[in-house]
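Encoded as structure tokens, here's the structure I'll be asking about.
Labels A, B, C, D and E are assigned to the chains in the order they are written; within every chain, residues are numbered from 1.
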Amino acid sequence: MLLQLTGVAAGYGSKIVISDISLAIHPGQIVALLGHNGAGKTTTLRGIMGLLPLRAGSIAFDGKALERIGVADRVAMGLRLLPEGRGIFPDLTVAENVEVVAARNVGPDATFGVADVYKLFPVLDERRATRAGSMSGGQQQMLAMSLAILGTPRCLLLDEPSIGLAPNLVERMFQQVHQVCRSHGMAAVLVEQNVAAALAIADRVVIMNNGQIVFDGSPDEARASNVWHYF
Amino acid sequence: MVWLQLLVNGLVTGAALGVVAISFALIYATTKIFHVAHAGVYTLAGYLAWSLASRGMPDLVSLLVAILCCTVVGALIQHQLYARLERRRATHLVVLIASLGALAVIQNVIAATYSSNILQFPVPWGSRVETFGSVRLTWTQILTVVLSVAAYAGTMWFAHRTILGKQIRAVASNPFLAEITRLRPQRIYVIVVAIGSAIVALPGVLVPLDLGLQPYGGVTPLLTATIAMIAGGVGSITGAFVLAVGIAVLQNLSLLVIPGEWSIGVTFFIFVIFMLFRPTGLFAKAR
Amino acid sequence: MAGPDPAIPSRTLPRDEGSPVTAPYLQAQGVEVAFGGLRALRDCSFTVDKGKITCLVGPNGAGKTTIFNVITGFLRPNDGHVSFQGRSLDGLRPQAIVAAGIARSFQNLRLFVDLSALDNVMVALPSQAGEEPVGALFRPLHVARAQRAQRERAREALAHVGLADKAGEYVRNLSYGEQKLLTIARLLATGAELLLLDEPASGLSAGALDGIMALLRRLQQEGKTLLVVEHNTRVVQQIADDVLFLHQGHLMAQGTPETIIADPALAEIYFGGAL
Amino acid sequence: MDFLYSYIILAEVYVLLGLSTNLLVGIAGIFSVSQAAVFGVGAYLVAHFLMTETLGFIPALVVAAAACIALNIVVTLPSLRVSGDYFVVTSFGIQLLATAVFTNWTNATGGANGLPGIPPPDLFGLPLESTGQLVILCSVAMAIGGLAFWLLMRAPFGRLLRAIREDELAVAAAGKNVLRAKVSAAALAGAFAGSAGGFYATFLSFVDPSSFDLDASILLLTMVVVGGARTLAGSILGPFLLLALPQVLTLVEIPTSIAAAMRQLIYGVLLILFMLFRPQGLAGEKL
Amino acid sequence: AETIRLGAILPLTGPGAVVGTQEMRGIQFAFDAVNAKGGVQGNKIDVVFEDNQAKPDVSVLSFNKLVDLQKVPMIFTGYSGPSLAMAPLATRKKILLINAGAQSDKLRNASPYLVNTLPSTGDEVAVMSKYLIQQGKKTAAVLFENDAAGIGGRDDFLDLFPKAGGTVLAQEAVQFGQTDYRPALLKLSAAKPDVLYVVITAGMVPLVQQLKQMNAGFLVAGTTFMADPAAIADPASNGIIHTQVQIDAPPDLSTAFKAKYGDDMDFFARQYYNAAQIMVTVIDKLLTEKKPITGENLHDTLFAIRSFQGLIPMEFKSNTATVPIGINKMENGKDVTLLKVTAE
């Protein structure tokens, strides 16, 4: 068991947004975390990363309880988040973006290194010297994805990675995630609204509604089920 | 040939001011904090060096110890004050006011310890004069230029060539992402304020060596440096340095055409006009 | 059913209320935009017909957002012209363009995160009493009364996008999808007749998406014209009357969704191989 | 009694200034450090009219306010091109230029010596000599100012300014005239500051440049932030608190030779603690 | 016996604090001595100090506070702006103001209740102008501080030096507290004057050092402010002359002062010490006459006594004391008095 959430509740101020979230993720597994807008998906990922205090329950990573572990140390243990919307350093060039993140997160024997980024997204190679913030929305999202996957974390939390990407890239990117998971045993939690694309690579589907898990099963079970009215 | 001496004097003053500006620029661009307490650190450097020098310490040792102490004080301000404020989600305006409070504390600790009198360094070699053609410079002035330019070059190299420098700029650009990619923004902030404080200790000692120490004397240089930083384009070290030199030269040369009582007002008014034509500063990168 | 030939110059046509057919509703002609050495738009010409939903598609970095920026006055093109209902928009400031009847949303949202959702919408309502200090100071009762009516209108706009129950919430406390919906509500509040939406559907869950598509349809029926940037092919197929295909700053094709999708060359660019 | 009255009058004058600063800096986000300059122009103008007996108090106040509206619009115009931090440069320049004018235009301002002997205010020919009468006058002025501020903030105008503070481009995209709104805010701030100047001059019966320098601008910012930026109550509480603080501090027993520096030091510490434990200010919006 | 409470409103923080602190010590030192000996006829004297940061509005607040809450009959002030701001209040409330530091000419007639224990700048300038012309220095340039004291001195010099027969070739201002005089000095020396007249209140050491660096060929002359002990001690100050408002402290007094505060008893400390002594004399007389200690009585009694033998003999023919003014020259670390004049 790589990541285990047990009865987690979290929220903002006095408001509890997610509650009783229990979830177990094995190494190499891709879990699609789906749900309507405002269901609490982002909140769940924030809780896992330690960006939000838990109100109840516990999270364990690799068998270690995460309660007293700060964000940076969770990242060091192998958790990584692709955040919603602001996943790049806009004032640095593309190359500097990659370099800075690689310096702290790519070990000597890590697999997905600087060169792989430019292989995955050739357009970034062309734009190495461009200020990242001046690229188009989609190009920025490619860079954000690259930063998140640099150094192959053990568990990658992806918050709507396909936003702003043209269809060809969505597919390429998902395949890449899939491939890295398969070859390196990276686990991924994939929050997506592009349900079809997510189901295509997911091993498991978890569906949230109003802050609670209402479905947990295989993609096929999900397709056959009646949970879709929640969206 | 008055203009030549004025120009050279402007360059000397400007070089020292430029170092204040780059140190402030480094801090401001990264932390977004209007760190006015920096003026206190600047002043503190001079007084510390003075204390040691007047107790017979070698001049170089006094300078180095002053730099070291300022580094610590800077780090403490960030770690004990600004970081706490950030955790309480204070706005920039609030942090500015807290920084004003910190400035008041430092200045008045100095005033209470050393009195408000202008103090002079017991450094006889400093006022020795060298003549270059019609230009006359003291040793202190020469030293100021040399060390300031070195500090500028060093900072440039640090920010753009070292990985720590790039990490600092990354944190400045997106602190949230920095947090989740293990760049540890809070640690970087402490480092940055510490480095900035170390840098500012240099002019903090050199300028009083020439012009004397006053407990409330750090504010004017800091304000001028701040203006230089902004006019140069926030985030640009070269911009901050060049504009600081520009202000000082302009202030010196302006005396040739306008009376001194108007020179400060007019100099900065020229900057107002300048800002209207370059609204994002001289060296700012296109957004 | 291709659009009118963009080569026909019509910019010089005077605005003629009697025969609106003569001037294209929105027309871009030979628009050029360069960022340093990068040519983001090259000789880009197209028209948008009144009352239609036109989708602007193309790979990432094709220049779609740049076109929006040019039309709405956020960016001066290096060359070329844009006209709306026969009237040139060249050199107009953004607020003047909104006044002329064109409003836009932003790909990166640009909401006022420290205001409530309701206030975000209310800011965009046109010509309100008390927007000037004189009115605010000297006719307070009138302003208060007008505000009540405006608040209703804003709530309506929020209800349209399904955010009625989030009216009082600070925007920074909304989820991404909720914020996206709010940008649409704010856009509606401007009352403009030509709406430019930059990726309205991305990040929306299926239910919200259906709601938005229905909303766009209804807006069309109410007589609005829409120009939509969208990567979601399903959305494009369902709502677009007309599709503009942009690639590397070139307008590659204009046509119905079917013809565009059927074009193998375009499909290769959009769905297929490398960039 | 006079002490209490003069404290109240002074605080009320600063409340008007606080409202002005709050509107410009807190609400509209135009970071101006030249508010004191506008305040000074109002004060000198009213002083001029009363001393030359060209106008009565109320007409003089109106003319001064009108002049300050015009002035503040001109002063703030750069902020329409220059946004955010960059405006600090222009307003700083303007503040310095104003100080130079106040100090050096001796014929009009009395120069550095100031203008003594300004007559007390009058209401339609009736002079208000006693401090008690002045308190009433200033309280009425403050009440009018507060009411105006409140009306503005609850109207769409207030919302527009808040939105402008967050994202000017998005406001323009919503079809609003950013320029006009900013100019209006500047005009209102000018009216508040200018009339505050009139009350100040007639109450003190003396004006000199030191009341209108950069320090005064910064004190205003501090008052607004300590009171609670962006709120009406904050602009009222801040001045009353910060003017009382030094008076209270004199009650603390400290050996005289360092007493003053110690008091300033305590002031600094209090400022820091206050910001740490109540970053939103006395009456601020919850953060 | 009771405690007699007096007030003092001085700049104790901010840039003016250098002077203000010395002034405060002068007062404190004088009254401490009196109180140690049992006070004036058994009555202790207590002084309440207020910090006005040299600002007029704060001064008015402090004035009202001292008068209303502490009921003080007299207040020591310094700095012309604050004194001028308080003058009308003093007239109205009949509170005696004693200024022993500021020299602006405007203070002479600001209020009948404002008494100056030192001559105004104009007096010093008149003495120096005459002396310079006698020495054959006919052309001058002026370096002045851009504040009340400096501008006042400049105006006096522009008026009086030509009257004495000289010509002013150039003038240049520096900001208060700013010690980089080089640009101004360069510009002034380009005018090639016989003498440079300096009206600056602080930062003398940098000034003399920068003058030396320029290696200028003119004579340097100044006011009482020139006599900064550190500047006198600096070899670079050799040959500088200045007027000196006479006020001497006996050696044992200076020693005791230094022992207590660690600083020399400078000009301002002596002035306020002296002013405090004057008050003691006046209060003593009032107590003897069994009159209440009010501002009005203090004022009347001061003029009734008229002549005081404090640190220097002093006579009040008007609100401003008549005191001898010396012309001093700095030589080898000493300040030597060349002659003494009494200005009219």
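Operating definition for what follows: contacts are C-beta pairs under 8 Å (C-beta built on N, C-alpha and C of every residue); 3 or more make two chains touch, one makes a residue touch a chain.
These numbers were taken from a predicted model, which means no experiment stands behind them.
A.B. asks: Taking contact as defined at the start, I'd like the list of chains shared as neighbours by subunit B and subunit C.
C.D. replies: Per touch definition, common to subunit B and subunit C: A, D.
A.B. asks: Which chain has its C-alpha centre farthest away from the C-alpha centre of subunit B?
C.D. replies: C
A.B. asks: Most contacts: which chain pair?
C.D. replies: Result: the chain pair B-D has the most contacts.
A.B. asks: What is the chain whose Cα centre is as far as it gets from that of subunit D?
C.D. replies: A
A.B. asks: Could you put a whole-Å number on the gap between the CA centroids of subunit A and subunit E?
C.D. replies: Distance between chain centres, rounded to whole Å: 74 Å.
A.B. asks: For subunit B versus subunit D, what separation do you get between their C-alpha means, in angstrom?
C.D. replies: Subunit B and subunit D have C-alpha centres separated by 30 Å.
A.B. asks: Taking each chain's centre as the mean position of its Cα atoms, how many Å separate subunit C from subunit D?
C.D. replies: Computed value for the inter-centroid distance: 43 Å.
A.B. asks: Let me have the rounded angstrom distance from the C-alpha centre of subunit D over to the C-alpha centre of subunit E, please.
C.D. replies: Centre separation, subunit D to subunit E: 34 Å.
A.B. asks: I need the residues of subunit A touching at least two other chains; which ones are they?
C.D. replies: Touching at least two other chains: 134.
A.B. asks: Touching two or more other chains, which residues of subunit B qualify?
C.D. replies: Each of 108, 111, 116, 261, 264 in subunit B touches at least two other chains.
A.B. asks: Enumerate the residues of subunit C that touch no fewer than two other chains.
C.D. replies: Not one residue in subunit C touches at least two other chains.
A.B. asks: Can you list every touching chain pair?
C.D. replies: A-B, A-C, B-D, B-E, C-D, D-E
A.B. asks: For a test of understanding, state which residues of subunit B touch subunit D in their complex under the given definition.
C.D. replies: 81, 84-85, 88-91, 93-98, 100-105, 107-109, 111-112, 116, 223, 226-227, 230-231, 234, 261-262, 264-266, 268-272, 275-276, 279-281
A.B. asks: Please give the residue numbers of subunit D that touch subunit E in the complex, ascending.
C.D. replies: 1-7, 10, 103-104, 106, 111-114, 116-117, 200, 204-208, 210-211, 243, 246-247, 250, 256-257, 259-261, 263-264
A.B. asks: For a test of understanding, state which residues of subunit E touch subunit D in their complex under the given definition.
C.D. replies: Those residues of subunit E that touch subunit D are 12-13, 17, 20-21, 24-25, 28, 49-51, 54-58, 60-61, 64-65, 67-69, 80-81, 84-85, 87-88, 104, 106, 110, 146-148, 150-152, 261.
A.B. asks: Please give the residue numbers of subunit C that touch subunit A in the complex, ascending.
C.D. replies: Checking each residue of subunit C against subunit A gives 35, 58-62, 65, 107-109, 173-178, 180-181, 199, 202-209, 231-233, 270-275.
A.B. asks: Which residues, counting only subunit C, touch subunit D once they are in their complex?
C.D. replies: Touch list, subunit C to subunit D: 72, 74, 93-95, 98-99, 103-104, 106, 110-115, 119-120, 122-124, 126, 128-133, 135-137, 140, 143-144, 147, 150, 186, 189-190, 192.
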